[in-house]
Amino acid sequence: MQLHLSTWQEVEAYLQRSRGIVIPIGSTEQHGPNGLIGTDAICAEVFAREVGRAADAMVGPTVNVGMAQHHLGFAGSVTLRPSTLIAVIRDMVASLGRHGFARFFFLNGHGGNVATVTAAFSEIYAEASLQAGLPNGLDLRCTIRNWWEAPSAKRLSRELFAGEEGSHATPSEVSVTYFAYPEAAKSVGEMTPRVAPFGGFTDAADYRRRFPDGRIGSNPALATAAHGKTIVDAVVPELVDAYRSFLAA
Amino acid sequence: MQLHLSTWQEVEAYLQRSRGIVIPIGSTEQHGPNGLIGTDAICAEVFAREVGRAADAMVGPTVNVGMAQHHLGFAGSVTLRPSTLIAVIRDMVASLGRHGFARFFFLNGHGGNVATVTAAFSEIYAEASLQAGLPNGLDLRCTIRNWWEAPSAKRLSRELFAGEEGSHATPSEVSVTYFAYPEAAKSVGEMTPRVAPFGGFTDAADYRRRFPDGRIGSNPALATAAHGKTIVDAVVPELVDAYRSFLAA
Amino acid sequence: MQLHLSTWQEVEAYLQRSRGIVIPIGSTEQHGPNGLIGTDAICAEVFAREVGRAADAMVGPTVNVGMAQHHLGFAGSVTLRPSTLIAVIRDMVASLGRHGFARFFFLNGHGGNVATVTAAFSEIYAEASLQAGLPNGLDLRCTIRNWWEAPSAKRLSRELFAGEEGSHATPSEVSVTYFAYPEAAKSVGEMTPRVAPFGGFTDAADYRRRFPDGRIGSNPALATAAHGKTIVDAVVPELVDAYRSFLAA
Amino acid sequence: MQLHLSTWQEVEAYLQRSRGIVIPIGSTEQHGPNGLIGTDAICAEVFAREVGRAADAMVGPTVNVGMAQHHLGFAGSVTLRPSTLIAVIRDMVASLGRHGFARFFFLNGHGGNVATVTAAFSEIYAEASLQAGLPNGLDLRCTIRNWWEAPSAKRLSRELFAGEEGSHATPSEVSVTYFAYPEAAKSVGEMTPRVAPFGGFTDAADYRRRFPDGRIGSNPALATAAHGKTIVDAVVPELVDAYRSFLAA
Amino acid sequence: MQLHLSTWQEVEAYLQRSRGIVIPIGSTEQHGPNGLIGTDAICAEVFAREVGRAADAMVGPTVNVGMAQHHLGFAGSVTLRPSTLIAVIRDMVASLGRHGFARFFFLNGHGGNVATVTAAFSEIYAEASLQAGLPNGLDLRCTIRNWWEAPSAKRLSRELFAGEEGSHATPSEVSVTYFAYPEAAKSVGEMTPRVAPFGGFTDAADYRRRFPDGRIGSNPALATAAHGKTIVDAVVPELVDAYRSFLAA
Amino acid sequence: MQLHLSTWQEVEAYLQRSRGIVIPIGSTEQHGPNGLIGTDAICAEVFAREVGRAADAMVGPTVNVGMAQHHLGFAGSVTLRPSTLIAVIRDMVASLGRHGFARFFFLNGHGGNVATVTAAFSEIYAEASLQAGLPNGLDLRCTIRNWWEAPSAKRLSRELFAGEEGSHATPSEVSVTYFAYPEAAKSVGEMTPRVAPFGGFTDAADYRRRFPDGRIGSNPALATAAHGKTIVDAVVPELVDAYRSFLAA
C-alpha cells in the first residue's frame, strides 16, 4: 500500500490494523560510467514497494536526495547537508507520528545516509528524553536497514560478481536499477581499470581525485537487468522478515 | 532527460548545451475523499517529465514532501516546516549550482509551497547579496511556476468543471493523477455536500474543523483520467514556453 | 492605541475588549533618487497608527527592517535573511500570544516581505499542527495586508500617476512619506529616464544592473505630500474595514 | 542624519566622510504602573537622534524589540529570544558593512540586551576569526553603550531621584519618555510601596512573583518631562564624546 | 562530589539533599608566553573541585572550550561560536534539570564566556516565559561567577602583582595553573615589554595586531605555584559562601 | 603533548613537525551500579594521553559530554542533542584547522557518539564540497576510532570477562576507569541479574524500562584496576599504530 496512491480515509483504515510504515531513502548522486544518478533512490523505492506489497505495509514518500557531499565533484550529484537531512527526517516522523504511525522502517539505498539518519533518530528521541515531565517517553521506534546487507544480497553478490562488487556503483545496485528501468540501462563497454580502486575519502575534491570515474572497488559492467531481478526476488522476503520482526519488537 | 535516469557523463554533456533544470515540487497531503495523498507531487512530476521531453530539459529529483502543515489533521499528510523546506531548497540549488546549473525552474503542484519556496530563493540570493566583495553576485536564477495557473489549465477547468473546481482537491488535479495512475483512481460516488465550502484556515485543527472531508470549494467527483489527459496535453506546451522564456530571460 | 505609548495595565484593559493587534511591517531599503530609505516602514507605521485610531486597535512595534536582500547594491539598504525574519515574527507572535492577543494583522509596506512573512505564519501554525496531543490547535490567526492593494490605493494611483506608478519607489509610497515627514521631502527634479524600466531580478548585483537608480517602473518625481494625504485619507477606512472583517472571521 | 529619512545617494555621500553609524536598540516591555511599554526603545531613539544631530552621525533603524523574556508576565511585553536577536544584529551589521559602514555604535536603552548583543558581536567577529585565509580579519568594530551609564545620567539620578532610581522602570527613563511624548505621560499617583523591591530574577513567572507591579527598586512617580529634558541635555554631549572616541579608536 | 566519579545511584542520593550543581566553565586559548592554553578551564576546574569538597556540592563536567574567537590568531586556541555555546549550555541544563538539579552555579574561568553564557540563561528562561500555559514557570535558576572577582582574588592580585595583573594571561591565573600542574610550569624569563599593553579588540586578526604575544596588560613572569596556592586557599571560602547564598536565594 | 598544558608557542613549534591531533571524546552518562558517570570521557582521555605520549601527538581538549539521550532516565546523565554536538565538532575542527591542524583523530569512548560525530565530519566536508570555486577542496581529514574495537581490547575482553562483557557499563571500560581513578572504584558486590539483558532501545524512558540498573549485557562486578592496566597497556600501541597510519594516509 503506497501512501501517495492512497486517500486519507484509506490511511485511517490502515492505521486500525498497523502502526508501521516503510520509508524508502536513497540519494541523487553519480554512480560511475553506467550507473544512474538515481540508483540509490530507485533501489530503495523498488525494495520498499515490494516489501509493502508482500507485508501489507504502508510505503511512505521516497527521500530521494540524501547525504552525498562526497559525490559533488561529479555533475548531477545533489546533497542535503547532514543538518538539513536531520530536519527532514524529524519533520517526516513528527508528521506521521501525529497520525498514529509509530514504527518507522527506513529502507535505505545509500551508505552515506546511515550516520546522519541515525543521528536524526537520536535527535527525535532526545526531544522526549529531555522532557522531565514525560515519564513514559515516546512510543515511537525508528530503524534504518540497508538492502545490500541482507544475507542473500551478500550471497548473490559473491555468486554473480565475485570479487568485483566494490562499495560504490556496484554491479548489484546497478543491476537492480536496470531491472526497474530497463530502458535506462547504459552500454558503455569495459571500464578502465576493470575494477575500480578501493579507499577512503573526505570531501568532493578528495573523492574525485581518488576515484576518477566515480566507482569504488567495483566493476559495474557486470550489471544486467536479469541479475537485478534475481537480487530483488531473493532480498525482498528477507526484508519482509526484518520489517515484521521490527513491528513485533 | 531525467536526472535520476542519467549518468554523470550524460549530465556533463547536457551542461554543454544548457544550464536549465526543471525541478518538480509537490506535497504529500490529503486530497479529499477520492484524491491521492501524492496528488501534488504526482502532478508536478507528470508535467515536469513532459516538459523535459518536449524542451530537452533536465528534470531533477521530485521534492515530494512540501509545506503542508494545515493538512496534518488528516491521516497520511506529511509536512516539512518552512525552515526545513528552505534548507532543502538551498542545499539542492547549491549542489546543482556547483555543477553549472544556473536556471532553476521549480514546477509546482501545491499552492502551500509558494511562499516558502519564494522565501528560500531569497535566502539563496541573500547569501550573495550580503557579501561585500562579490560585485557581480550570483549568476543564478530561480522561479516557481504553478501548473494550474497556465491559461489552458484555467480554461479547461471552466469548461470541464464549471464552478466546481475549488482550490483544494480539485477535479483538475485529481484528473491528472488518474491519468497518470489509472489503477489508483477511486470510486467514492457523490460527495456531501457536492461542492465543498470555501474559506481560509490557519493550523491543522482549524482546517479540519472548516473542511471536514478535506476538500476546499471543489467537487472532485467530476475527475476522470480522460480529463486528466486533456489537461496535460493542453498545459504542457504552455509550460514549455514558460521554461524557454525563463532560460532566455 | 499604541503599544509603545501604553502601560501594561492599559494593555491588560484593552485585552478585555479585543484580542486584535495591528503590527506595521516595512523595510529599510533604497527607494530611488527621491524616496526615503525608510519609506516602507514609514508607510506601514502611518497606516497602522490611523487604523489603530479609527478602529480602537492596539498597534504593536513596527518591524522596520524586512526582507530586502535585492536592494543591498544601494547604500543604506538593510535586510534580514528570510530565516531571521521568520524567527522575529515567530517570537513576536509567541510573546503577544502569551498575553491573549490572538488576531495578528500585519500591515505591510513592502512587497518583498510577503513570502517570508507568510512562511513565518506557517512556521507558527506548524508548531501546533505537528503536536499530536493538541486536538484543538492554536486559536491564533495571522494575516498580512499590503496597503497599496486597497481598492482606493489602486484607483488613486491611476488617477494621480496614471501609468507611472511602477512597482518600486512608486509615487504613491513616496507621497505618503512626504505627507508623514514633509521636512524630509527631496527635490531632485526630473529623473532619467522619466519612467524607470520594469522587470524581474534576483540578487543585489542583478537588481542594480537592471535598475541603476533603484526605481522599478515608476516616476516618483510626481510625488507630493498632498497626494500622500489624499491616499492616506482614502485608504485608511478600507484598512479599518479589512481589520474588522479579520477580527470577525 | 537619519537613515530612514535619507536617500541612498545621501547615504553614499555620507560614507565619503564617515564609516560610523549609531543604531538605537531598546525593548518593548512593561515599565511599571506609569512607564510606557516602549520606554527603552524611545529612550534609545531620542538619544540616538540627538547624537546624530550633534555629531553629524548616521542614525540607523531602531531595534525596538529586544531581549525581554523576563517581562513576559506583564501584558504587552515582547521578546526576541537571544538566538533570534543575535541573528538580527548579525544581518543588520552584515548589510550595512557591505556598504562601507565599519563602526557600529549601538546606543542601548535596555540592560537586558547587553549580554545578547555582546554575544552577537562575537558571533560576527567569529566568522572572520574562523577563516584561516583571512589574515587581516574584518575591519569592523561594534560597541554597545548604555545611556544611563553616562556620568551625568548617574549624577542627575542621584540629584533628582536620590535613592529611588532603582534598576527597572526608573524615574530617569520614564522622565525621558515623558519629555519625548508628553501627551503619553501617565498620572497614576503614589505607588505602593513607594519604592519597589530590589532583587534578581529568572523567567517571567519568577519576575512577576518578585515584582508584582513590574518595577525594580524604583519610584517612577517622581518622573517628569522636565527632568527628562534635563537628563537628555546633559547626557547627549557625553554620548557624542563617546561616539567620537569610538570612531577614533 | 564529582559527577564524573560518581554512579547514578550516588547522584540520586545527592539529589535527596540538594538541588545545586557547580559547573566549571573555561576556555582553550592562548595565555601568553608562559601561560597554558588550558588556563581558564584548569582554574575553573580547580576552584570548582575545592568548592565541591568544601560545600558538599556536586561538580559537573567542565566546559573546557568556551567563546574565544578573539584568540584564534594564536596556535592552539579553540572557540565555540556564541550560538554553539548557547546550545551546549541549554542542553546541559536541560539534561540535569530533568533529574532534579535546579540551581546551576557556573564557575567561570574566562571573561569571554560571560556574555554568551548569560545569553544562554536567557534562552533557557525564554522557553518557559514564552509558554502561555505555564503560569508558574521553571523552578530553575542559573548564575555565572568569575573566580577572579572574589574579593580576596582582587586583594591578592594587588598585593602579589601590584599593577601588573592585567586582564589576560594574568599572573594570578597563571599561578593557579602552576599550582595545579607544577610540572607544566614554563620558564621563559622576562617578557618584552615587561607589562603588556592594555586595550580593546574585535576579531582574531585585530587582537593579534594589538597584543603580539597574547598578553593584555599583564606580567605573568611573576606567576608562581606558591602564589597560586595562596590564591586558591583564599578564594575558595568566598566561592563557597557565594554558592551557599545562591542555593538559599 | 597536551594542548591544555602547552603554550601557543609550543603548539606553533609542534605544527612545524606534525599536522595531527588526537581529540578524546566521551560522554557523561550512567554506567550502571558500579561504573562512573564519567566512564567514557575518562577512558577516552586515558587512551588519548598515552597515545599522545607514545606518538608525540598533540592531545586536544576532551569532549566530555556527548550524545547520550538514551541515558537520561538515570540521574546525572547529560546529553548534547545531535545538532548541538555537530556544531561543537565543527567549531573545534574549524578553530584548529585555522592553525594548520589537518588530521583529526577523535579517540572515542562512547558508542552513542559515532553516528553523530560521523555526521559532523560530513557537515564539515560538505561546506567545502558545496563550493563551486574550490576545486581542491579542504586538505583536512577526520576520523573517529573506538578504543574498545582495537584487536587486543576484544581479545582481553574475551580472556578476562568471557561472555560477560556486554555493550554498556562493560567490565573493560569500568576497569580502565578504576585504573585511572582507583580512589573512585566502587564496591557494590554482586549484581542482579549477574549479567544484564541485551537489546535495543529508543528514548530514555524506553531504555530505563528495558535496562533497570543501566547495564546492557554486562557484568561489571568483574572490573578491577589491574585489568584496566592490562587493557591500557595492550591497547595503546595499537591505537598509536592506527594514529600513525591515519597521518600517513
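Read from first to last, the chains carry the letters A, B, C, D, E and F; within each, the first residue is number 1.
Heads up, the rule we're going with is that a residue touches a chain if its C-beta (ideal position, glycine included) is under 8 Å from a C-beta of that chain, and two chains touch if they have at least 3 such contacts.
Keep in mind the model is a prediction, meaning the values are calculated, not measured.
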| item | value |
| --- | --- |
| Each chain counted as touching chain A and chain D at once | B, C, E, F |
| Rigid-body rotation angle, chain E and chain D, from Cα fit (steps of 5°) | 180 |
| Pair joined by more contacting C-beta pairs (A-C or E-F) | E-F |
| Chain pair equivalent in interface to A-B, over half of contacts matched, among A-C, C-D or D-E | C-D |
| Remotest chain, chain C as reference, centres from CA atoms | F |
| Distance from chain F to chain A - Cα centre to Cα centre, in angstrom | 29 |
| Centre-of-Cα separation between chain E and chain A, whole angstrom | 46 |
| Multi-chain contact sites of chain C, meaning residues that touch two or more partners | 72, 79, 81, 83, 91, 95, 98, 129-130 |
| Touching pairs among all chains present in the structure | A-B, A-C, A-E, A-F, B-C, B-D, B-F, C-D, C-E, D-E, D-F, E-F |
| Interface residues, chain E side, partner chain C - complex | 129-132 |
| Touching residues (chain side chain A, partner chain C) in the complex | 91, 94-95, 97-98 |
| Residues of chain E that touch chain F when the two form their complex | 2-9, 11-12, 15, 28, 30-38, 41-42, 60-62, 64-65, 72, 74-81, 83-84, 87-88, 90-92, 95-96, 98-100, 181, 184, 186, 188, 214 |
| Partner chain F, residues of chain A touching it in the complex | 67, 69-70, 72-73, 79, 81-83, 86, 112, 114-116, 118-123, 125-126, 128-130, 134-138, 140-142, 200, 202-206, 249 |
